[in-house]
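What follows is a set of structures for review.
The two complexes that follow have chain A in common; it is paired with chain B in the first and with chain C in the second.
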Partner chain A sequence: MKIIDFIRGRTFYERKERSGIFFVSIAFIYFVTIYYYPLIQSFLFSFFTGPSSQNRKYVGLATYKKVLSDPLFLLSVKNTFYFVILAVPTTIVLALIIATFLNYVLNKKLRDILSFMFFSPLMISFVAAALIWEWIYHPIYGLLNNLFLFIGLPSQGWLFNASQAMPSIAIMQIWLRLGFDIMIFLSALQAIPGEYYEAASIDGASGFSCFKHITLPLLNPQIVFVSIIELIFGFQVFDLVYTATHGGPTNVTRVIILHLYETAFKWYRFGEASVVAVFFFLFLLSISILQWKFRRTTTY
Partner chain B sequence: MKRMKTVLILGLVMGMLFVNGQSLFAAKKNIELTYWTSMGQHPKFNKWMEDLGKELTKTYPYVKGVKIIAVPYEGYEAKYLSAMEGKVGAPDMFNGMVYDWAGAHDFCDSMPEYLVKNIEEHTVPAVRKLGVWDGKMYGVPGSTATGSSFMMLYINTDMLEEAGMDPNNYPETIDELLDFAKKLTKRDASGKVVRAGYAIRYSGNPTGITEKFLPFLHTFGGRMMSPDRKRASGYINSSESVEALQFFTDLVNKYRVSSLEIGSPAASFGHKLAAMIFREGWVVGWLRDNAPNLRYKIYPLPTYREKVGVGALFTWTDLVYKYGPNKEESWKYLELVWNNCLGGVIIDGGAPPPWKEDLNCSYMINRPDREATTEMMSRASSPNYGYIGAHLTEVASIMADAIGDSLYLKKTPKTALDEAAVKVDALLME
Partner chain C sequence: MNKVLKVCLCFFLIFLALIIFVPLIWTLSTSFKTPEEITSLPITFLPKNIFNLDNYIHIFAYSAFGRYLLNSFIVSGITVVVSLIVASLAGFGFAKYNFPGKDIVFFAILAILMVPFQAITVPLYLWSIRFRLIDTYQGLAMPGLVSAFGIFLMRGAIESIPNDYLDAARIDGASELRIYWRIILPSVKGSLAALAIIKFLWTWTSFFWPLIITSTDKVKVVTLGLADYTNMYFVEYNFAMAASIISIIPLMVIFIFFQKWVVKAMILSGMKG
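Take a look at the complex of A and B:
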């Protein structure tokens, strides 16, 4: 009752301001408890060592020094970048190509069915997807190798092969994320007025010219948005790797979040895991800021 | 004003009495104990555990039963730790490793004396000390303890017959194992192994990779560290350890009787993609449920230099949460499980029981691993590494890296183990 009285206020502006504060406070409490409190805790833990709160010791910056010189952490950073390079540009380019083609499909029903087909992988959990792909990739009874043998190609090791494991994981990620990006691009493509293309074709512009000079510039905000989202998802890859390879073989698919998880929950080194978390947070934050600035300066 | 104060003070006193009364005088009623297990592969046994919980009502009328919650094995540590550290939603009992939950975290209640005595009197020597940490008994070597505490050799007898071999014969030495594996391996036209003579563990959880390598390491005379667990150099990279890893690597790359593309040993054995594997006794129950038509026999582990006996990387026991409100009832329940298993009711768990008296019960007599289990238990125990606390998982991960580097020919066994020695030494010094 008192909350309602508070929101009511005496004047119109008071009411508007107070109801605003009330609604924002719900989100504020949510973010503080679910995101910021653990974030601050992580930051604080990074100066301590010990397996749990019962036996924690303050060590200052020693853990930061240790983590930064840990070859396994550095390898996980390298692997994560490799994964992002493989998965992110491919997902965006493929999504753009497929969305462009879907945009040409004039039959709405068919377009919806095709869009749903691309989007549906996103509705299943990453763990379930990884299990499905484990079967597809199995070197002996997997679908993919049987298909390869059928068309006369040699079978592959996929997830069990040190050089193929990361590209195989990247394919899983592309399959999962493609639908989301297609939806974003498709809705943006459909919002571009047809008159632009008509005018361009009257002036003799080719299809590729239209794409380059009309479609791409007008899709810029969506491309930047999708890039940010995909980069963040890419750097955060965990479920797929954890379920499909556990970071193997020989640590070639060991990514940052897997390293963080094992450091914290397998080896109970919460201080070191917190340092990794702090670095990772700062890294993602800087990417987001850079891309946000880039978006502000380059969008049309 | 004075009257107001009196009323307030009286109210406060009444309130405090009421609150304290809840814990001091009010009896517990309608409680359900919780038991968390990461052994989701034993649904029938878990159901039996839940049914047995109803028996507890006879001793504690206010206990309506025990809820068995199977926490997925993958990442169970994180879930256990979050609940126990937060003290919210933590289980009354759980299965786990004593070095983790009593050693690294101090989340375990020490066992009442009467149960300690019982365990010392009745359990097979192989599992008697599994629940001990720092000289104190915390864990009941329960349902899966024996089934998880050592590996044996599983052979597909159909494949033996198919290869023209005696289905009652088995390899007693490592050299014979290799000989069997060579005869049982199948390759396709390109020479690729499509059925492993012997399937090795090379993927998945790193600790599992190490665990399945230990029988080789130990029979070759190698060790992961010194007996006092203070030094790895000279042990993990000893000539015997290097020889063991070299042989393990050769199974894939020189003799080509194993493959890095065949999948995990238990699954490949169940899928008939492997003729021989090393696995624990609980796999009998798993194969019964998942590959009922598989014809196989189980034998003691073959020997190279030293006979490998009981001993595994992990020491699973049933534990009671130190900060739980129902510790007394929980211990009674574990005792109930323990006593009922004496009658051989453990059948559906798929694992051999940890009780001496049960080794001759009808359940054990009918099991395919009875003789192998008896022989394995009669051998001297293998090194137990389960007493180095939280570092064991990390040591096992380092070892798994060395095994992987050698199997995938990234490093020689010597280089891989020398590097592992440096890392484990640093850990043991912490």
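Take a look at the complex of A and C:
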């Protein structure tokens, strides 16, 4: 009985405190076992050969050296950066333009219909999006090439062409992510008081200078926020590539996570996969830290 | 701004919206076409028979897609229910109680948001082998059962409930769990709905973990079923598009009926990452 009394707490305040600890502990224990422990294990595996406990051997930084000199890994890093450069700025700029224009549409019905159309890809999984676009990109029966034919342009290889494959994947990503960014920008734009613009237009400011001197500075926190989110989504690209090209043609769409996936679950080289995982974790962590730093300076 | 410019702007927006929307219409249209129709030139935008449901019937009759759909619903359901309970409990604990180390624990949970899931898949996979979680619903649901984002959301929502309510209930002799059930949960219905929607969306569209942890039809989920359509030599796009449409329907229904909540949830979910 004494133990139960001790656990429950003797006084009212102790009991209250204990219930708080109890409520929080479920989540905490979950995160320690399912996230923190595996994360530490990922670090440990990167210094050993083989994850099975029988033949585990400490190899120091040997696996790191091996991964860093692996041309396939370096290529996948390069491809991922290329993808991010193609997809992320375009998404943000397009979303900013569309959100600004949408904010001008005063007819509520039209605005609702337009936002629905812009937001609808948000409800689609990356895998379904990859399938849909694969069909649109189809060299013979696809919508795009037939459209090109109709207006007199030569048909393109899209996903089958080594130089077009990555841009084609980037278009899928832009299509899918655009709605989210528009949503964030639009909700921020609607919070900007109309008086600001009225005052500016009385002073003779043009539409563009209003955008540059009022909208952009006020949207700064959202722009930083959206950029970070899109960067993180961009670097994590996997589903699209796995479904649409599987890294091909000739590895031009091989991205980091695809490399991680194949190293671990196709070739079962867990040590190397752990090194890739560690690199990836540290890299995204630095982006997240950047976010906190920016947040402090941009929100006031 | 003058009128002409405004009309131009509207048309430009409508044009852009159509570009975004056309792939979906094209998908829907293809899902009603016969194999002959999709492989004939010149292509037609609309199917000959708009209500040709053969592709949909074929999917359910000749593939395990119905089973995948059921599995997705089961896994999403488990994830939503468990994460709502655990996140609201933890949010309650963080918002309304004091105990040593509270801030550190909260920070430790929030820091999870910075861990990309892919970085822990190798150890999680090895665990799953050891604890026989491969090809089980438990294994599928495991990494999504609790979300750090959900706890953050719930803490914020519960903090705004006045302490007097809780103290009044305590004076009347209510236990802490009873307070949670009768006062806390009803007061944060909106945030619970937002979290439920976002968790459902994330689980329904997740691909990486299901790809690793499952191999048999019995537990495969919808996204895996979709990806299988690309493994064939010639992709049968009429079936693939019908399957895509089916996979989109549950989310679209949620979106159309709860648009306000979805937008709220989406904006909040930006926290994840």
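Heads up, the rule we're going with is that the second predicted complex is superposed on the first by the 257 of 300 C-alpha atoms of A that agree within 3 Å, B and C clash if a C-alpha of one lies under 4 Å from a C-alpha of the other, contacts with A are read in each partner's own complex, and residues count from 1 in each chain.
In this section, a contact is a pair of C-beta atoms (placed from the backbone, for glycine too) under 8 Å apart; a residue touches a chain by one contact, two chains touch by 3 or more.
Please read all numbers here as calculations on a predicted model, not as lab measurements.
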Overlay on chain A: chain C relative to chain B, clash or fit: clash
First (chain B), second (chain C), both or neither touched by A:251: first
Which of chain B and chain C A:163 touches, first, second, both or neither: neither
Partner chain in contact with A:242 - chain B first, chain C second, else both or neither: both
Which superposed partner A:154 touches (first chain B, second chain C, both, neither): first
Which superposed partner A:262 touches (first chain B, second chain C, both, neither): first
Of chain C and chain B, partner touching more chain A residues: C
Touched partner set for A:139, first chain B, second chain C, both or neither: first
First (chain B), second (chain C), both or neither touched by A:69: neither
Clash with chain C, by chain B stretch, listed 79-87, 97-105, 241-249 or 403-411: 79-87
Residues on chain A lying within both footprints (that of chain B and that of chain C): 51, 138, 140-141, 242-243, 246, 261, 264-265
Contact set on chain B toward chain A in their complex: 74-75, 77-78, 81, 85, 100, 104-106, 190, 192, 194, 202-207, 260-263, 271, 273, 390-391, 393-394, 397, 401, 404-405, 407-408, 410
Sites on chain A touched by chain C in the complex: 15-17, 19-24, 26-28, 30-31, 34-39, 41-42, 45, 51, 98, 101-102, 104-105, 110, 113-114, 116-128, 130-136, 138, 140-141, 143, 146, 175, 178-180, 183-184, 187, 207, 225-226, 228-229, 232-233, 236, 238-239, 242-244, 246, 257, 260-261, 264-265, 270, 273-274, 277-278, 280-281, 284-285, 288-289
In the complex with chain B, residue positions of chain A that touch it: 51-55, 138-141, 154-155, 157, 159-162, 242-243, 245-251, 261-262, 264-268
Chain C to chain A touching residues, read off their complex: 1, 6, 9-10, 12-14, 16-18, 20-24, 26-27, 30, 38-39, 41-43, 86-87, 89-90, 92-94, 96-99, 102, 105, 108-109, 112-116, 118-127, 142-143, 145-146, 148, 151, 176-177, 180, 201, 204-205, 207-208, 211-212, 222-223, 226-227, 229-230, 235, 237, 240-241, 243-244, 247-248, 251-252, 254-255, 259, 263, 266-267, 270, 273
